[in-house]
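Below you'll find a set of structures to go through.
Both of the next two complexes hold chain A, though its partner changes from chain B to chain C.
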Partner chain A sequence: MWIYEKKLQYPVKVSKCDPKLAKFLIEQYGGADGELAAALRYLNQRYTIPDKVIGLLTDIGTEEFAHLEMIATMVYKLTKDASVEQLKAAGFEGHFADHDRALFYHNAAGNPFTVTYIQAKGDPIADLYEDIAAEEKARATYQWLIDMTDDVDIQDSLKFLREREVIHSLRFREAVEMLKEYQEQKKVF
Partner chain B sequence: MDRQWRPYDAYHSPLDPCPPRPKAYIVPPNQMMVTQSPGMKQYAPFDALKHGTLWPDLYSPYDPPTRGGR
Partner chain C sequence: MATQPLNKEFYRQLGELQAVDFVLVELTLYLDTHPDDQKAIAQFNQFQQRKANLMRQFEAAFGPLQEYGNSPTGQRWSWSEAPWPWQV
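Let's look at the complex of A and B:
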């Protein structure tokens, strides 16, 4: 079970009325390397991985939902007061036709979220390497998002999220080392 | 350029339509270790929140102007 804290993991401040950025940020909401994909991937892999790394997958999978909330907050703030004309000018008209200003799990190109974005192979090494790759891809996505805005406040939140990917990647690589075990012991079989 | 950045060159043909753009990619400090060693220097709590990590040696700054050509 989970305990919910009614606050964001890191503050989100949006200072520039730029609905177009919402169209790009949604990549991290419902995209292949987005926060939803990350959370579902890690929390699902927990069941069939050795005990010593289950806690790590729980912790990181949970944190990904906290990141998902931050992205949702950014998208919401960027679109909630935008006029239909502004949304059309921002290339958001396809989204508006289907969802009004509601958030939806699709990527920046409008493709709906699909579980085929994630995998659970059952092989602990294979699964952890997928997780490492996912973190590095999410880090790269945050870089391109930071590049596409000059709103320093939103950049600040995106930089925080990017750094978390850096840390998560290292943790998953440490988990691989834990599963290798025996490497520093003289073990006779 | 920050020491986490790696500039590189790509062939530019005289027939290429756009002027060449400087190219670089970033290698975050997590790539320099397999496992984190114990006792690494820590930020104060508020600075840790600001940086997104407790450890200065794992901090990867990302500022678009430092990225070559973007």
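Let's look at the complex of A and C:
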């Protein structure tokens, strides 16, 4: 069961129409290291991972949906008032031809989201290392997105998301240590 | 879009709630890997109370934040009304 909360996790302020920036940001919506991939990856791994880390995967996976909604809000706000001419000038015409201003799960290059972006190995250590790598890759993407815009409001929201990746990576590293301890204990008796 | 213009009070209360919720998200993930930290548990309980109070205040003024029965609805069903989070 999931409960929706009618608010964003962190404010998303957009002061101008900027479809070009939206075209880049959509990487974190439907890209390989984006928020959808993260949410689906963690929530799916829960079923076969040791009990000790199910709570962490549940909570981080759930938080990723809050981040997905923040990215969606940015893309929506950056494009909702754009004219067709502005969308074309921003290189958004490929998206517009198929989707108008609707959001779509694809990356910045227009490749549709695919579940092959994520893995479930059934090996707890392998799964958690993939999760750590995913967080670090997402952190790098957020840095590049921050570097690509001079919109301070969008930068503020992106910096929040970048810092969340840092924390998630740290928690997953701790989870690895918890599992290692647990596995060693099992060997003792 | 918003059916009625949102006032400063909406953003003030929302901001306060987001700040308290952030503390609780952080503490939740921290406690997932440090379940024996009594200080963190005490902090969690303190902020959980604050969240409950802020939610009550916010919902009385601006409508339910959660549904499926997790928030009171009052005499009118305003849950399914705008503004949604991406519209404010």
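Here, the second predicted complex is superposed on the first by the 181 of 189 C-alpha atoms of A that agree within 3 Å, B and C clash if a C-alpha of one lies under 4 Å from a C-alpha of the other, contacts with A are read in each partner's own complex, and residues count from 1 in each chain.
Just so it is clear, contacts are C-beta pairs under 8 Å (C-beta built on N, C-alpha and C of every residue); 3 or more make two chains touch, one makes a residue touch a chain.
Computed from a predicted structure; not experimentally measured.
> Looking at A:E63, would you say it contacts chain B, chain C, both, or neither? Reply first, second, both or neither.
So A:E63 only meets chain C here.
> Name the chain, either chain B or chain C, that contacts more residues of chain A.
Between chain B and chain C, C touches the greater number of residues in chain A.
> Quick one: is A:S169 in contact with chain B, with chain C, with both, or with neither? Answer first, second, both or neither.
So A:S169 only meets chain B here.
> Please work out whether A:L8 is in contact with chain B alone, chain C alone, both, or neither, and reply first, second, both or neither.
second
> What is the contact status of A:Q119 with respect to chain B (first) and chain C (second): first, second, both, or neither?
neither
> Would you check which partner chain A:R139 touches, where first means chain B only, second means chain C only, and both and neither mean what they say?
Once the two structures are laid over each other on A, A:R139 reaches chain B alone.
> With both complexes superposed on chain A, which partner does A:Y76 reach: first (chain B), second (chain C), both or neither?
second
> Quick check on the superposed pair: does A:Q86 touch chain B, chain C, both, or neither? Answer first, second, both or neither.
Neither: A:Q86 stays clear of chain B and chain C.
> Using the superposition on A, tell me which residues of chain A are in contact with chain B and, in the other complex, with chain C.
On chain A, the residues that contact chain B in one structure and chain C in the other are 10, 167, 174.
> Which residues of chain A touch chain B in the complex?
10, 139, 142-143, 146-147, 159-164, 166-167, 169-170, 173-174, 177
> In the complex formed with chain C, which residues of chain A make contact?
Listed in rising order, the residues are 3-12, 53, 55-56, 59-60, 63, 69, 72-73, 76-77, 167-168, 171, 174-175, 178.
> Touching residues of chain C toward chain A in the complex: what are they?
14-15, 17-18, 21-22, 25-26, 28-30, 32-34, 63-68, 70, 79, 84-86
> Give the list of chain B residues in touch with chain A in this complex.
It comes out as residues 26, 28-30, 33-36, 49-53, 58-62, 64, 67, 70.
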